[in-house]
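By written order: A, B and C. Residues from 1 in each chain.
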Amino acid sequence: MSVLLTAVATLGAIGAGSAAILYMVGQKFKVEEDPRIQEVQDSLPAANCGGCGFPGCASFAAACVKAETMDDLFCPVGGQTTMDRVAEILGQKAPVAVKKIAVVRCSGTCESRPRTNLYDGVSNCTIASDLYGGDTGCSFGCLGLGDCVDSCTFDAIHINPVTMLPEVVEDKCTACGACVKACPKDIIELRKQGPKSRRIYVSCVNEDKGGVAKKACEVACIGCTKCQQVCPFEAITIENNLAFIIDDKCRLCRKCVPVCPTNSILELNFPPKKDKPGTQKEETVTITA
Amino acid sequence: MENKLIVSPSPHVHSGDSIEKNMYHVLIALIPAFLIALYVFRLEALVITVCSVLFCVGFEYLIVKYIMKKKPTVLDGSAIITGVLLAFNVPSNLPIWILALGCLFAIGVVKLSFGGLGNNIFNPAIAGRIFLLISFPAQMTTWPVTAVAEATDAVSSATVLGNIKYAPEILPSLQQMFLGFEAGSLGEMSVIAILLGLIYLLWKRVITWHIPFSIFATVAIFTGIIYIFNPIPLYNPLIHIFSGGLMLGAVFMATDYVTSPMTKKGMIIYGCGIGFVTVAIRLWGAYPEGVSFAILLMNAFTPLINNYTSPKRFGEVVKNG
Amino acid sequence: MLKTFRIGGIHPKENKISAGKAIQKIDIPEQVIIPLSQHIGAPCQPIVKKGDKVKVGTQIGKSVGYVSANIHSPVSGTVQKIDTALDSSGYKRDAVFIKTEGDEWEDTIDRSNNIKREFNLSSEEILEKISKAGIVGMGGATFPTHVKLTPPPGTKAEVLIINGVECEPYLTSDHALMLEKTEEILVGTTIVMKALKVDKAIIGIENNKKDAISRFRELIKSYPNISVEELKVQYPQGGEKQLIDSLIRRQVPSGSLPISVGAVVQNVGSIYAIYEAVQKNKPLVERVVTVTGKDVKLPMNILARVGIPLSNLIEKAGGLPETTGKIVSGGPMMGKAIASVEIPVTKGTSGILIIPTLEAKRKAMRDCIRCSKCISVCPMGLNPTLLMNLTEYEVWDRAETNHITDCIECGSCSYTCPSNRPLLDYIKLGKGRVNTIIRARKN
């Protein structure tokens, strides 16, 4: 019996002693932290994707608490609802952000952009692009080796095995921007998702002269300026033989789409067009209105 | 040009070295020891070795194909080596079903559950042997009277290391041990056969001298120091080096690529560790033999050693002149 | 025991098929394309315009910035346009297109074959001439030579090392040059010794080029300050740091230049170009290119003007074999695989290697078996497999502390790996990233 008692007493004493030391150390080294940081962090999606520009959700939360206004802070994953909640906790107002989505600005499928050589290295776009221009005549286009796929934490971008081009899954993309950073060719861009996911963009980044670009890829932008001429909103710029539609100015009138001789301007999620060009104008106006 | 040119980063040539080549070199190096085992144990050795290899290869094939759902790579030779080494580490009269269990443990648990060749932490053959030794101590430590020993009228069914502790008067001569007809597991018979294998491996540059020689040196120095003060057979360094699984372990199992350190410094630390633990177990432990425990223990330290040793860099120490 | 460097190294099959072949001349095509960036550093500014008449040796590109080199016309004719053209990496870069008309040289250039031994110039005058002639390191790195021959303030060169190692398998252009222009190289060496104000020079040659070694040994008697050293064949002995270690047993510390141990290294090709620039006023407009490969009909060494398309050289060597799988500009260890043969010869083109399809494809990569062979062969004493993993998982701080930036990209690790792991591919990537991070930190 006494053995038992001794054991219990010793263990109890050790436990109590340790607890006391732990408590004292804990008190001594206690870090005063704004309790709101934890609160904000709890309302974040905890994806730690870095899409907000901070290393992770914890540092984003700290930045939110510290910041005076929330204008420059946005969690692309949580979106507007999360930001509203964070703003509520902090007693501020979240600015209304536009929902964005990643778009892949290259349509050079295996058919439209023939392979000119065979890449036999690691399946890694950065390594391939450091090595050379790529396995097609276009040294700007997508290499199809999937750095964007690897970078995505939301399983929202995949390489289509037929076209060998990445495709974005609209429902899953949070516009965190990881793929934009991962792409060594700067092909992926974050653009406004648009009403009913309707958007128009130039799906090409080739800066070669028209003839050279067209020779390498059937659907390359050749910088012919036709789209620029037809655009009523001055939303299209042409630089280095490449057209670009400015997100903020574009009103989705779709006039540029049919004039493009190489079909390099893509329109997504629009209802099919009527055949008559006359009626088309009316309709586009109703859509944008 | 019809054919598309291949483009890849440099270098554009390769030595032609492969996993298979290294593994088959090891198998070739194991042949002398196998021949001795055949001579000593006759058919039993053949049965145990063949069964063990078949079990290992078979389990690997089945597990990789049906559980891991990958393309089986049994022909890379690593499963064959595991099979041979495991067979070399058991008594020749071990029941086959026990052997099968050992193979399953070695391949299934120790190797494949970590991801297969290259990813395992412990040497599968060693871990398999220890698994059997702990689970079936009786079967694993009863050695048959060898055919050769029978012919020469000598009766010894305990190993040298077993006798050294408890019956030092019936030790075989060093010469006998060197040639190898003392009792023991299949592959640990002959020192000279294993040395032949070592020379082959060094010649083919499959392994470097660092691991085996640091093990030998540590064992020799450690027991040697004690032997100077207390010259009884238990402390004789030559007996320690020539007996039991030390040779086999130092040459074939401690040098396993996957579970040994990668830097030269690390290899020496690892070898010394094995030597030290082996002698400690042999002299003061409950088991007569400690090589496999020592290797297993140092396998566990390998990642740590890798982390704290780095190769000698160019220009690190500037020697002028 | 022959000398060699002390850490790592491999000995790939030498395959010097074109060894001992005399240097051939090649016709100049109707049009040449001269890239404005043939060196490490800032590209040149073109100083000619469409319609300008040029002669051989007329300057057409002006160096901008400190690390840069002039470019001269390799042919006489008319400038057609200044446009983009594919470079060896398949990206488009600015280049001058010239239509060839005859072969008229600038008057100042001495075209005779006589060896001119005497020179009476100061160190500054020599450097000036080298700089004007647009000479770059011709071993492949193409670093502007005048910059390399100007030691940074506070350092002093003690010894000049001439790199006649040519450790890359297959390549023989330096070898051919050493056999045919032996005396010129020795004169060039004395010129550079004068420029650097050193009184000692060592020519390092691997002992698979015994004929070149004995040629030098014959002639060296009249050059008391130059010695020739026979070296054991070991790759990558042609690497600057390795060669210094081999010859004078000094190791350049991590992140330092060879000058920190008092050595300056020059390739024999560059030395010959320096001889021509200083003694004959000839700018760098041509170089020796090895065209070789197992199935090439006539492997040979060609003296080619800059700007000639590689396809012309291949044609001269018997045309592209049917088995062609890969074409490499440079040697098999560090050369660059090219996607098109229409790219021009540049100052850094040391060879064209044509690899048959059977040998061109890489084998499938397997898991690392931690055999540590890559560590054993790394001439810089690095841990390639660790660096590859760190790059794969983007652990840049550890990659830096494990000296990823010391890598000389020799490829010994990938060459040796039994699991065919693309170690160097990843290390190059990591090295680039870590260098960017270091630069960003400094600013």
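We adopt the following convention: a residue touches a chain if its C-beta (ideal position, glycine included) is under 8 Å from a C-beta of that chain, and two chains touch if they have at least 3 such contacts.
Model, not experiment: these values are computed from the prediction.
S.K.: So, comparing each chain's Cα centre against the centre of all protein Cα atoms, which one is closest?
M.R.: Chain nearest the overall C-alpha centroid, as shown: C.
S.K.: Among the chains here, which has the CA centroid at the largest distance from subunit A's centroid?
M.R.: The most distant chain relative to subunit A turns out to be B.
S.K.: If you tally contacting C-beta pairs, which comes out ahead, A-B or B-C? Let me know.
M.R.: Higher contact count goes to B-C.
S.K.: With centres defined as the mean C-alpha position, give me the subunit A-subunit C separation in Å.
M.R.: Distance between chain centres, rounded to whole Å: 42 Å.
S.K.: What whole-Å value do you get for the distance between subunit B and subunit C if each is reduced to the mean of its CA atoms?
M.R.: 48
S.K.: So what's the Cα centroid distance for subunit A and subunit B, whole Å?
M.R.: So the centre of subunit A lies 53 Å away from the centre of subunit B.
S.K.: Which subunit A residues reach two or more other chains?
M.R.: Residues 116-117, 120-122, 127, 131-132, 135.
S.K.: Among the residues of subunit C, pick out those that touch two or more other chains and give their numbers.
M.R.: Residue numbers touching two or more other chains: 90, 336-340, 360-362, 422, 425, 428.
S.K.: Show the residues in subunit B shared as contacts by 2 or more other chains, in ascending order.
M.R.: Within subunit B, residues 5-9 contact more than one other chain.
S.K.: With touch defined as at the start, can you tell me which subunit B residues reach subunit C in the complex?
M.R.: Touch list, subunit B to subunit C: 1, 3, 5-15, 17-19, 21-22, 115-119, 208, 257-258, 260-263, 310-321.
S.K.: Please name which positions on subunit C make contact with subunit B in the complex.
M.R.: Result: residues 7, 10, 12-13, 90, 169, 241, 245, 249-254, 256, 261, 320, 324-328, 332-340, 353, 355, 357, 359-363, 366-373, 375-376, 378-383, 385, 402-403, 406, 409, 411, 414-420, 422, 424-425, 428 of subunit C touch subunit B.
S.K.: Which stretch or stretches of subunit A touch subunit B in the complex?
M.R.: Of all residues in subunit A, those touching subunit B are 115-122, 127, 131-132, 135.
S.K.: Would you pull the subunit C residues touching subunit A in the complex into a rising list?
M.R.: 84, 86, 89-92, 336-340, 360-362, 365, 422, 425-426, 428-429, 432
S.K.: Under the stated contact criterion, what part of subunit B meets subunit A in this complex?
M.R.: It is residues 4-9 of subunit B that touch subunit A.
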